[in-house]
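When the chains are written out, they are named A, B, C and D in that same order, and each has its own residue count from 1.
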């Protein structure tokens, strides 16, 4: 098999889920014969007749349908065409899917796939990172895979879990990221990963920002620093133990998120470390997020709006001097 | 407010009071209506005496319509009742006991004190527990029916109710449209009681007749006389049979009035007296009793007996549930996830590594 | 896929190509269609050469319908175009220059590089800048019209377009229903181009004809032949006049095809050849030219001249805008608020204490 | 004038806004002749004919209408019947209202009133506190008044501001809270308030939790502690300066929020203090939020789910021993 992209890993995971589990079906706009706006379901409608269905442009009803099917024991996967359009299915996700198990004891196993994050020219409505919005609600698992391997294994895991999972897959990684083969083992669900070991500072990141953090860490080797990078993998639950263990080693923390700062993953991680690991910190923890405007359209603006390897490196240099 | 005019999609009305309404069904429906009525009266008393906290939302005047959907559904069907469906719920198998427990927040009730009043159900048994957000249950029922279709199960029907106000939600529209596209065996009953809370129909929609929307969704439309039990049983019975036999989604619109406030805190003084005195205002329970008596399907004695029996059951259940313990916060696991324990740790074993 | 059948609400079609379509209007419309077509062809070239980043979404084949709404609106009206409305936009006053600037993200454009492509407008001039979420602009236009009503301004009209796929959104439904309830002078044009992205109509809605939905919203429904400029001008002209003279909301449904992919990345191979070869597939620009030539309202020479003039303007504008500087991130204030400075401090003076 | 409730203050503010500014109108379910589910618009429809209108049950369209009217220069107030139903208008709020000024330069002055927070028997769908969800989005001002005076002045301010304002009014305070008269001066917009001075620890709270915090502070006087309580008043923007100044005095911080913890106001405040005021802290900052489930129906469960004076006092005692 030639190199597998992050996008192909998502397609293959769905293929495997459909193959292994008759309860799985996929519902979303243009995902049938057309294979989806990003081709994440290419050929699947043909391979699994009647189980990969084009939906009307009705995000609320798409999620409602998934909930009703999940209650009956199915394992639906809903593809949102872009994460940004999930706002139209927001009510069903946060008020029906998220509450069902607590209220009634009936589990609600469904996956909502959100093609997330910025790309050049995406603009305000095709670039959003909504993980913090969903993670606020008890009852929702929120996954943010950063690698080809995780895209594959975590999507399978999402399908297997008994809870509703918001699966934030990053569009910028779709084609950029490649792996030679699919993994045979998986990290336990809910565990973060040390993506790079280091001793001078910890960068906590997730999704596309893991790669910016790794590049920044690389850059800082030239300054003689050895940066640890933690890939959260899931942002709800957050693996606080792994983060604290890393901060215990390094004494310094920078959290990077592509979403807006107010109440985002970075705020939540810092709140946890400050409350539970205050004594481990040798310097004030720091965060780096998107700028506080809608995601701009022009690539030059976009490149400044989101954190990048170089802005992460700058933040790290400042942190290391604190 | 214009009341519905006859519509093309309504088909011939020769079936009115058609023989398919059997004596047995009519008697059972009346009995359930009576139970719902008496139970709800007790709920109102409990609310006024401060035993029920939050709110009480009754279906008084809508029992005939409500029971007619519940009674035509059966085990294996999917049912998502709404606010005013005490009668339909009981026809589908809900009980006086569980209703009381849920309203009183008993931990022995199906909702265990976590949710209450009309937000009640047992989803794993096809009895969905509504969320408050109007319109949301239409697509949820569609999903249940899709699941059955995927598994190759045929003959199941999904039923749900909504008020005319709920038809203004985007969620209702998306659900109806999806039902049409997927040609699902769903029956959606719109109880047009002329008001959504205090809002009259002329501030809710601008069409003369909500039934015309059926065609726009590609679904069959039918009209029922909302406070006429025999008509409701007949029309909804036909709708359910049609859905069950593969004729696709069915929309039933029925005009009626609720004979009570939106909730027990509301005196419904916005409903004009003339409307209450019109045929819309007739109490479906009285009308049903008269019809059954006239038909000789029920005797006056039976009616009086039933009344007493139900009153007794309601009183006894109420006393019993009032003595049941409240949920104990310290015994709650405070966990919204099924895959995580309350410390938010994975319940999944590490050996998968 | 069933194409629309005639509907009751469509009224007599004797007005087809009615005299109210003046020579001047038809010529102006054709000229704008030509500008839109040539401009969009250039946008496609810029996209393919990597100058435009993100996507390019064209209205090829839909210019006749689009221009017919824009051309009947005037200053003081509210206009919310959608994806395929380059022609309508230009009729409402948008320019080749601002289109280019917005697509190329120039800081001199109305969106200053902050938003791009079809997400373009000048809301303070009644020209709304669509958000991507389909259906959302219907109620926004309603709001603009409510504002005018509150101020006692009469005679203004609101116009918006949507694809048939967008009619499945809850937002569309809520907006249409609200327009009906408030009896607003809005004209909503549905361009039924048989596909929403790749999805055919039988996966989008189950009615034979979207026009039947008009009655359900209590609005007037009209049909136009989507690639026939004279019919579009006539029908939409009537709709706008009716709205302007107080007859309430108007829904126009027109069948047609887009003669291009959903975006320039899409080859539209899902559109069956037979459909392309049917009358739906006729290119409205060619058809309009033929009609105008036949009527003697345009000469072959003029047509050729216009073509050249527009091509030149498009080329010159493109070169000009390509030389304009990109937005400079360091000059941005990165502030989404008008009441806060970028440090999120209040701009309001303390003397209010 | 006899005692004015928090609810009556909201009604009076709307009355004054309608009186003073012809651009103001109110749109919402049952707010006309009926005066609203909570009577916040009682008699206003009669007093201002045609300007206080019953809407269909269409939250998306209600907000869309407000946006369109705001663009034309009006100052709409939208009443959601309960905050919880604003999820159905979520898309218009976060994607259209919040982005309009940044994208187009046209301001979008509207107010969405959210009757928020828990009451006994409210249950999962009539009790929610959604401030963190809206505050995540740049472009939205989020107000959370805790007093009768603030309910009045801040609602007037919300109407006057050129940005969309999410006005979270707390249902539990509607009838409970009373004042003798309406205020004549107002705190500048965006400023927090020291609701109680103290030197041993700072509690940051907002909305109904201010009163739980004040009661807890009172309780702790018996232990000999002197607790400072900061009332945030607006949660977007957050007045970080006032918080930092308080923490500089006390060295200890507890943040209390009625909403869920993940990414909530408490997380955001702690993140700010940890990053900007690390050196001011003598002990790890702490937070106290609702338990991580939907808001339960039974009053006994509800009373444990939300922070109360006694749980705040407990948290404070722990904080004071750290």
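We take it that a residue touches a chain if its C-beta (ideal position, glycine included) is under 8 Å from a C-beta of that chain, and two chains touch if they have at least 3 such contacts.
Just so we're clear, the structure is a prediction, and the values are computed from it rather than from any experiment.
Chain centres here are C-alpha means, and the one lying farthest from chain D is C. In whole angstrom, the spacing between the mean C-alpha positions of chain B and chain C is 43. Centroids of chain C and chain D (each the mean of its C-alpha atoms) stand 40 Å apart.
With each centre defined as the average position of its C-alpha atoms, the distance from chain B to chain D rounds to 35 Å.
For chain B, the set of residues touching two or more other chains reads 111, 114-115, 119, 131-133, 168-171, 174, 177, 181, 203-205, 335-336, 344. Residue positions of chain D touching 2 or more other chains: 55-56, 58-60, 84, 87-88, 91, 95, 98-99, 102-103, 124-125, 138-139, 292-294.
The touch graph of these protein chains is complete, with an edge between every pair of chains. Residue ranges on chain D touching chain A, taken from their complex, read 84, 87-88, 90-91, 94-95, 98-99, 102-103, 124-125, 132-133, 135-139, 236, 259-268, 270-271, 273-276, 278-279, 281, 283-287, 292-294. Interface of chain A with chain C (complex): residues 29-30, 32-34, 37, 53-60, 82, 84-85, 87-88, 119-126, 291-294, 296-301, 303-305. Those residues of chain C that touch chain A in the shared complex are 52-55, 105, 107, 111, 113-117, 119, 131-134, 165-166, 168-171, 196-199, 203-205, 270, 326-330, 332, 334-336, 344.
In the complex of the two chains, the chain B residues touching chain A come out as 78, 110-112, 114-115, 119, 121-124, 128-129, 131-133, 136-148, 150, 170-171, 174-175, 177-178, 181, 335-340, 344-346, 348-350, 352-353.
Across the complex, chain B is touched by residues 135, 168-174, 177, 180-181, 183, 202-208, 210, 212-213, 215-219 of chain C.
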